[in-house]
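Notes for the one structure printed next.
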Amino acid sequence: MQLKTQNKIKGPHIVEVLSNIKLSDDTWKLTFQNQEIAENAKPGQFVSILCEDLLLRRPFSVANTINNSFEIIYKVKGKGTKYLSSLRNGESADIIGPMGNGFTIENKNSLLIGCGVGIAPINFLSNILEKSGIKHSFVACSQTFINTGITENQVIITEDGSAGLEGRLDQHLKKIINEVKPEKIYTCGPNPAMAYVSLTAEKYEISVEAALERDFACGTGVCMGCVIQIKDNNKTINKRICKDGPVFRGNEVLWQCPI
Amino acid sequence: MQLKTQNKIKGPHIVEVLSNIKLSDDTWKLTFQNQEIAENAKPGQFVSILCEDLLLRRPFSVANTINNSFEIIYKVKGKGTKYLSSLRNGESADIIGPMGNGFTIENKNSLLIGCGVGIAPINFLSNILEKSGIKHSFVACSQTFINTGITENQVIITEDGSAGLEGRLDQHLKKIINEVKPEKIYTCGPNPAMAYVSLTAEKYEISVEAALERDFACGTGVCMGCVIQIKDNNKTINKRICKDGPVFRGNEVLWQCPI
Amino acid sequence: MSNLIKPDISVNIGRLKLKNPILTASGTFGYADEYDDFMNVSNIGAIVTKGITLNPKTGNPQPRIKEVKNGLINSIGLENVGIQDFIDKKLPVLKENNIDFILNIAGASIEEYIEIAKICQSNNIETVELNLSCPNVKSGCLEFGKDEKTLYKLVSEVRKNFDNTLIVKLSSNVSFPEKMAKTAEKGGADAISAINTVKAMNIDINKNLKGFKSIKGGLSGSCIKPLALNFIYEIRQHIAIPIIGMGGISCFQDMLEFFAVGADAVQIGTANFTHPDLSDTLVIELNNFMKQQNYGSLAELVRDLRYEY
Amino acid sequence: MSNLIKPDISVNIGRLKLKNPILTASGTFGYADEYDDFMNVSNIGAIVTKGITLNPKTGNPQPRIKEVKNGLINSIGLENVGIQDFIDKKLPVLKENNIDFILNIAGASIEEYIEIAKICQSNNIETVELNLSCPNVKSGCLEFGKDEKTLYKLVSEVRKNFDNTLIVKLSSNVSFPEKMAKTAEKGGADAISAINTVKAMNIDINKNLKGFKSIKGGLSGSCIKPLALNFIYEIRQHIAIPIIGMGGISCFQDMLEFFAVGADAVQIGTANFTHPDLSDTLVIELNNFMKQQNYGSLAELVRDLRYEY
């Protein structure tokens, strides 16, 4: 294998902030200017952002690309995301990416399910399917309404009933599947939600792709910190979420054991 | 000895920022609102400020008190002072003090010599002497002009000639002493400057008080991190700059060896 | 359990009955009087004095301290007033003000430790903490806390000469933490305290490559917390005596972590410099937490903290 | 000395001639190909591979990593492809792309180390770094790097079976650093590398005191730099062979500090995660610095850095 020896194709890019807006109480959308990332990113891929003097970069799914810019949707949790929320237009950030493998795009009637900030990659995927003219429905579940701007084709489920259907995904999913009759499901969100989606889809014999999460150290595939056990015929093998994923087939993930 | 068992008389005080203004390229003046510190602080004493998530507090001489507020004059050096320069009106800081022993105020014709940010405690002393009607002259030396607002009775020496006399203290000191004929000298500034003042004053048989500096850990006298060797008859003993000082008599300091 | 009953947060370390498990660490709290400006010192479980030697010590030359990322390197060199001066001048203040204290002692030879222990015994000092990190001049400049045989000899000899509560303070700079802890217990220690500062060095190189400023000393502060937690977890399962945990504790959550990995009480060190009223605040926070969570005694809380572990 | 001459920043470690002293540390750079996205990997002095064992290893269960203040705790458990897979799949890539490398090897017994060493020998692997921090199953679960006798046996046995460059990587979790370094040298090591990660633990306690998340593992990153500098300074005066320093290096200044206390080359570890192009950048910065300061060779610079010391 001949390596590329082309320098810095995935960064670190010093990237300008175009906007940083609040979508809900604790959820924000950041838009960055960078042609390379915007051109190359695929739904399901992520970027890793240096957050001030924190040791480790923080990974975020690309939530959209528009011309030479790309977006992330993030929830403020700790120091890293607090720093992100402090970024202002014109300031810059140090970003590597796009990293990992995105969703496989197929011309199939697709059901897209994003829960919480898991909406981010699903949002991007929805836009790409839209552009490609692939039939799809978008279910966005969250505790409280996260306004991503998309409304067409979107079923909104909020636990607090602040928009769309009230309740949790498991109260609505089967009905939605029966209505949409998807040939393929894409999902991203907390593990219990993805597990529920995956196991439900299995019953309907619908194939699932799920974008997983876990604390990353390197985010580039070298440290083996983010491995997950994946079913491989009769045995299980370790795969790196950051490099071999973050997208995996729903039925190869051992949803039962803690992921 | 009965301890006071009076709670928190030296803080930590959560103190409001009244103003933060630039005096020169790298030197700023911060004004804080706090009655206890403003009422109790004496020239030569210092406060210790918590600077974001830095482990150690940073010590700064009280540079003035006005009614219920007090000032510090500081030079931006590293993380701590960078943080100070980011403070805005209405924000607050966590401060302990006033700490240490200040200058001894005597009714003697006094010469006050502040070099660099060593101007800070000298500025405060000058105001107090003024109020007490004690005759004094104030020499302020710095690389470039630091505008503290005081001009009366003040001889300004700047290395770059941006205000007052051009040059360094040692080019002017003897002349000034001969003119002022002080009975007492107070000084604060870099060690070489204070050493020069102290050794020169010795020749004129004028007593000197110098406010010393060194990295502090505790700043309260418990860690023994800031000790300096002090002449005590024929031997030397260790004294803590933070607790036994920061003001020492010029002739008890071993200026020759590194302080 | 009623919210109105004041929870019992006392803890016993040997014969020492502490009113609460929050102590201040040696070398970071002087002899208590300096902290009088920031709190009522008698609220704290106990203060541990600066390390006291047989004779007064002037300590190391400057530089003695250097801040690093989330840490402090110190090279004080045990500057202290000596045992006699402590007894004459500091002890009466502590007694008069009802401040519970533990005397941290250090020596350059086993004989010196024994001599201080005898003085403590005859002056009715209730609790002694052995600081082992001074170089052991006799056995070729090794430190006492690094070699099982020397450690056993030291602890058991001090034990013979001091029949009140004896705490042995361990350093984490050892190959086999559990061996040192077991040795101290076998030697007669009533409790282990750990960890002492961690060996560290800093060097500042200036642009022209001239006049480096360097310091070799002990590292403390929140950067050593992961090392301390590991150390205490490793020794907990090998000894039966109580452990007083320390190393980077700077908030209530940190304190709980030490209980979780095996500590029965804690000491606050470098964080006193950052927040001079921290130990006092922790006592209040612990009381409030116990009430909120409906705990009647510290023992119950500690059991639950260790439970899932 | 003219500014136009390219300074000589090469350095020899045993028979290994490094084009520059900047290496990447084991476990933090994979087998090089992953970093191809960020730089031309062949610019670096050498990469050290992830620790390789005789048979593939699946490593430890999750959680494997946890960020702490300025540091990272990892408990990967040596997950790796095994020596045969390395030779079949990874080695050709390294060779084809002219990437100088050092093979980091680990075993659970001396026999296992010997077997890997033989495989390295017969496959003309030029340089091997011995990772000693795996538990030594035979001698009752001690680690190889903690006990002089076992260490001597291990190093000398590997030496007998491998006649190319042999580097022994030490851990700082020992009572007597200089003894371990001297033992490795006596056993036949061509160089020492240090430090490996430092034993550490983290525990997250949530509000309801249920479901703690804990990790026990090795600490790396800038919080261990003061420990690493101290370790290297302590061993430098006791051995004659070169030292490859590491532990928290994250910028040019850090690298100079390691040279100052005794290192002849450095490895970049955790900082690769933060700045994936760091090692490449350091090579450029070192060249520029040498030119600016008019140094003809690295040896001269290192001599000056150590001079005042």
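A few notes on this one:
Going by the order they are written in, the chains are A, B, C and D; count residues from 1 in each one.
Note that in this section a residue touches a chain if its C-beta (ideal position, glycine included) is under 8 Å from a C-beta of that chain, and two chains touch if they have at least 3 such contacts.
Only a predicted model underlies this, so the values are computations on that prediction, with no experimental measurement involved.
Between chain A and chain C, the least number of touch steps comes to 2. Averaging Cα coordinates per chain places chain C and chain D 34 Å apart. Centroid to centroid, with C-alpha atoms defining each point, chain A and chain B lie 56 Å apart.
Not a single residue in chain A touches at least two other chains. Residue numbers of chain D whose C-beta contacts span two or more other chains: 70-71, 222.
Taken as a graph of touching chains, this assembly is arranged as a line, each chain contacting the next along an open chain of partners.
A complete list of chain pairs in contact reads A-D, B-C, C-D. Residues 68-71, 73, 142, 146-147, 173-176, 198-203, 205, 209-212, 214, 216, 219, 222-223, 225-227, 229-231, 233-234, 253, 256-257, 260-261, 293, 304-305, 308-309 of chain D touch chain C in their complex. Interface of chain C with chain B (complex): residues 27-30, 32-42, 50, 58-59, 62-67, 70-72, 74, 76, 79, 92-93, 96-97, 221-222, 270, 272-277. On the side of chain B, the complex with chain C involves touching residues 1-5, 7-12, 50, 54-57, 96, 214-228, 238, 243, 258-259.
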